[in-house]
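Dropping a structure here in structure tokens format, bear with me for questions.
Chain IDs A, B, C and D follow the sequence of writing; residue 1 opens each chain.
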Amino acid sequence: MKFKVSSELEYQVLMPSTFIFNIQVSKASSQKVIEESLVVNPQLPVEEFISATGDARFIRIRIKKPTTFSINYQATVDTRHIILDEKRHSDEVPVDKLDTDVIPYLFPSRYCQSDRIQKLAFKEFGDIDNLYLKVLAITEWIYNNVEYLSGSTNASTSAIDTITERAGVCRDFAHLGIALCRALSIPARYYTGYAYQLVPQDFHACFEAYIGGNWIFFDPTKLVPLNGLVKIANGRDAADAAVASIYGNTICNKMVVNCECLEKEFNPYHYEESKQEGLSYQ
Amino acid sequence: MKFKVSSELEYQVLMPSTFIFNIQVSKASSQKVIEESLVVNPQLPVEEFISATGDARFIRIRIKKPTTFSINYQATVDTRHIILDEKRHSDEVPVDKLDTDVIPYLFPSRYCQSDRIQKLAFKEFGDIDNLYLKVLAITEWIYNNVEYLSGSTNASTSAIDTITERAGVCRDFAHLGIALCRALSIPARYYTGYAYQLVPQDFHACFEAYIGGNWIFFDPTKLVPLNGLVKIANGRDAADAAVASIYGNTICNKMVVNCECLEKEFNPYHYEESKQEGLSYQ
Amino acid sequence: MKFKVSSELEYQVLMPSTFIFNIQVSKASSQKVIEESLVVNPQLPVEEFISATGDARFIRIRIKKPTTFSINYQATVDTRHIILDEKRHSDEVPVDKLDTDVIPYLFPSRYCQSDRIQKLAFKEFGDIDNLYLKVLAITEWIYNNVEYLSGSTNASTSAIDTITERAGVCRDFAHLGIALCRALSIPARYYTGYAYQLVPQDFHACFEAYIGGNWIFFDPTKLVPLNGLVKIANGRDAADAAVASIYGNTICNKMVVNCECLEKEFNPYHYEESKQEGLSYQ
Amino acid sequence: MKFKVSSELEYQVLMPSTFIFNIQVSKASSQKVIEESLVVNPQLPVEEFISATGDARFIRIRIKKPTTFSINYQATVDTRHIILDEKRHSDEVPVDKLDTDVIPYLFPSRYCQSDRIQKLAFKEFGDIDNLYLKVLAITEWIYNNVEYLSGSTNASTSAIDTITERAGVCRDFAHLGIALCRALSIPARYYTGYAYQLVPQDFHACFEAYIGGNWIFFDPTKLVPLNGLVKIANGRDAADAAVASIYGNTICNKMVVNCECLEKEFNPYHYEESKQEGLSYQ
């Protein structure tokens, strides 16, 4: 499915600072980048990197003296997903291909302290055998127990804060979902991207759980159709895939994000418990 | 330099549990494994994996019903390190080869919340230009301001706890060193291994900072000679390289660790500020 | 009801230290001290204080050089409680006598960060109108969702840690109960005392909620009969009523606690939801 | 010294909520209230309480349905302070009159977790014998190591957050000062008031340490003259003396604070290390 995405950021830099941006769409196999452009104004040296797993594309910009600059990105992308029958995944833990790529997603990370919520996870979800239904129950629990509240959290908010405060934004919902999965030995990873029909438009965060050899997509916010995402990056959590990691002292003046669907028709896709279907971008 | 290392662990398992052990020596280029053996008693299915970066070797054991089991490991290893002149590294940030391998070590992680201590790091170490001296100052600061106190911390203790409590063990010292480096845009990673002349014998934890294109070794505990280490694994922090990640309910009955030097002579190596030398295992 | 209580503590003092002990039974109106004795060995100057509210009796001992000392206390006490009909307390907030004594018990405290769990409290207990049933539901929720696990927590563990980790001891159960009450505008206070039929014998911690003008007693651990307590102190939380607040560096060598009933007969009293009775020590 | 103070607050109430305001000036012996007025618009039932120590005056307002209301307060106050010679206070701990009023100010509280920073406090300030110089060193350390940064913290920020983040506002500076004092066995309490020459005008927070039998005033922000304060309340920390403790869901639309000096002349008073003078409001 074709989407046109764009983002426009402007920063005021108060002292020498380094930015690592992560706003370009991923060149993962699940999506094809048809065209894209990146403009930094004023022109500044830009270093590009990709993550070891190939999922994330970083732009590093070093600003040596106080200034204001903007970064504009746009891309046209063709995404691809499949719908899987998840009725079969009744194993207590996922077995297929639990290899070098997947292991790190079992461990606790900066914002997903799965080690501290094992008892809670077992208590709430330990009785569900089917892995897909277990993760679906996790997303429902988050949806029902955490209030979506803009501005209620910040860049240092983590899953254990959200367990306590019971409020947050998409990033916090994703972190809590990941932490609960890992606490139950289910590998889970952060997903950040552009999202069609997200109101108001912004970068979006969700998560994927590794079930039966596939990364199945979940969104505890229920804010967007599951088939309307364009991937920027995966990672253990937002630490791996922050829109901007900033070392220094800066002010963000502007952040405008957009995602349009270029297809004539778009059928929004959502999970239903009765169907036990899993959507996987691959 | 040749070392003989061994570890012996015994666990009582109270409910179905999964163990991921990380006690085998690394097959990194800095050391050659001459011989090794691993015995699990009673015999249980053992899955082996290596991490994506090749640094860590994991053993996964799933125990389906309550029991007691032990795991015995021993190896003979030949290690290799070089001593580098670090006087030249006066750059504000490291530039060489800041590639896909290194980027994740700039980001905050489970136990190294570098994002929350940027002001402290700049205040204490911002004025030191030479990168090696900056990291050496970090290790000295930790050594002088944090008390080494067995049993004062646990598996959920992180760098910000140590900044507050000012007490910990080698793992906590390493986490704080890593967090302070990353807060200053210096990539840093966790190092866990067997350590010669560590009293009492135990697994040891240190860290490496990426300076001038090399991973330079640092140990804020000052408990062992820097040239007496045998690597088990690197990682972002202990979450990547825990001796045992356990999903379930178990009791550790026994943990015996040993490291002997097989050389006729061993000259312990320590840093001196005046020499500005860096030791790198490579 | 008559009880004989005793405690015996021994400390090794490593550097000049100040102890504030809180092990003597309270001289509150709810209990009469028939006889008591306190022996410090070796003899040391002992300062005695009572708290502003009269509920707690403190002993301050300053040790000027390294030594070992013990403190032995015993008392015979006659306690008094009433059983109240709590069916009537359907008010959304308690109204009678919300005066200077009660107000501080509405505010968050060291171990009871009620300000951070308001959403959780409203979500779980907001629908229950009757105040007594609301607090009873809180104690049931804690009993069902938090595992009683000796040694799982320490002196810095607070209610938000317990919300996360879901394990703790009586002190942690009490702190969580207090925090949930205050989050719902119900004044609540910590209660520490000697407890008959507690196995193994130790100091015990519970809490009281202010309902309909009385401090109603609750114990989320369900470990002891509600009518077998001898009060040491009330306070906002354990910070006000720690067995020992220690400023310095010491090791506790020994802590032996005992509580016997001197009556011929003892009918253990527990709450039942259907009866809606509240026990109040007064 | 005569001051005229005022505050004007407006709230939008989204669901049934209870407010406890603490904006009226204290009727402590250190200041005389010449005249004052309080207007709530629309008129609502207002309950007034004073704290057990008499230091704080609370106003409780319960709003039963969504609405907008404002509260306007103004007062004319005559304050009184003395300047004490603090050279004599070389005792390791304060001895005079360590009675029922003072003990609670030794214990950790919601925002001042003194129990967790004892090692840091001893390391930084343990060598200073004179109590006044010790607390002055604490205020200087905070001033030099914590950045005053509006909007950097929120209502749940506590002393251990500030030790980590090294940024905050007056409330955070006061909490850290209190926590460090208590960690060193010096009773310390929160002070909130109106402050002359504070730019921009707002409620201000400072702290008092109990030295030689007097509550000596300290302000680690150095934002105002020490003799220009009009007390609203003392307390263990902001939990006891929050401008507004709100149980419910509300939005603050407006907060305007003012403090004018009615004297012809005002000589701003600040501490100098060489003079060793302590200012005490009494």
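What we mean here is this: a residue touches a chain if its C-beta (ideal position, glycine included) is under 8 Å from a C-beta of that chain, and two chains touch if they have at least 3 such contacts.
Worth saying up front: this structure is predicted, and the values here are computed from it rather than measured.
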{"item": "Touching both chain B and chain D (chains)", "value": "none"}
{"item": "Centroid spacing, where centroids are CA-atom means, of chain A and chain D in whole angstrom", "value": "43"}
{"item": "Computed distance of Cα centres, chain D from chain C, in Å", "value": "29"}
{"item": "Contacts with 2+ other chains: residues of chain C", "value": "116"}
{"item": "All pairs of touching chains, each written as two labels joined by a dash", "value": "A-B, A-C, B-D, C-D"}
{"item": "Chain B-touching residues of chain D, taken from the complex the two chains share", "value": "116-117, 119-120, 123, 145, 147, 160, 163-167"}
{"item": "Residues of chain C defined as touching chain D within the complex", "value": "16, 18, 20, 47, 49-53, 58, 60, 62, 92-93, 98-101, 103-104, 106-110, 112-113, 115-116, 118, 155-156, 184-185, 239-240, 242, 245, 247"}
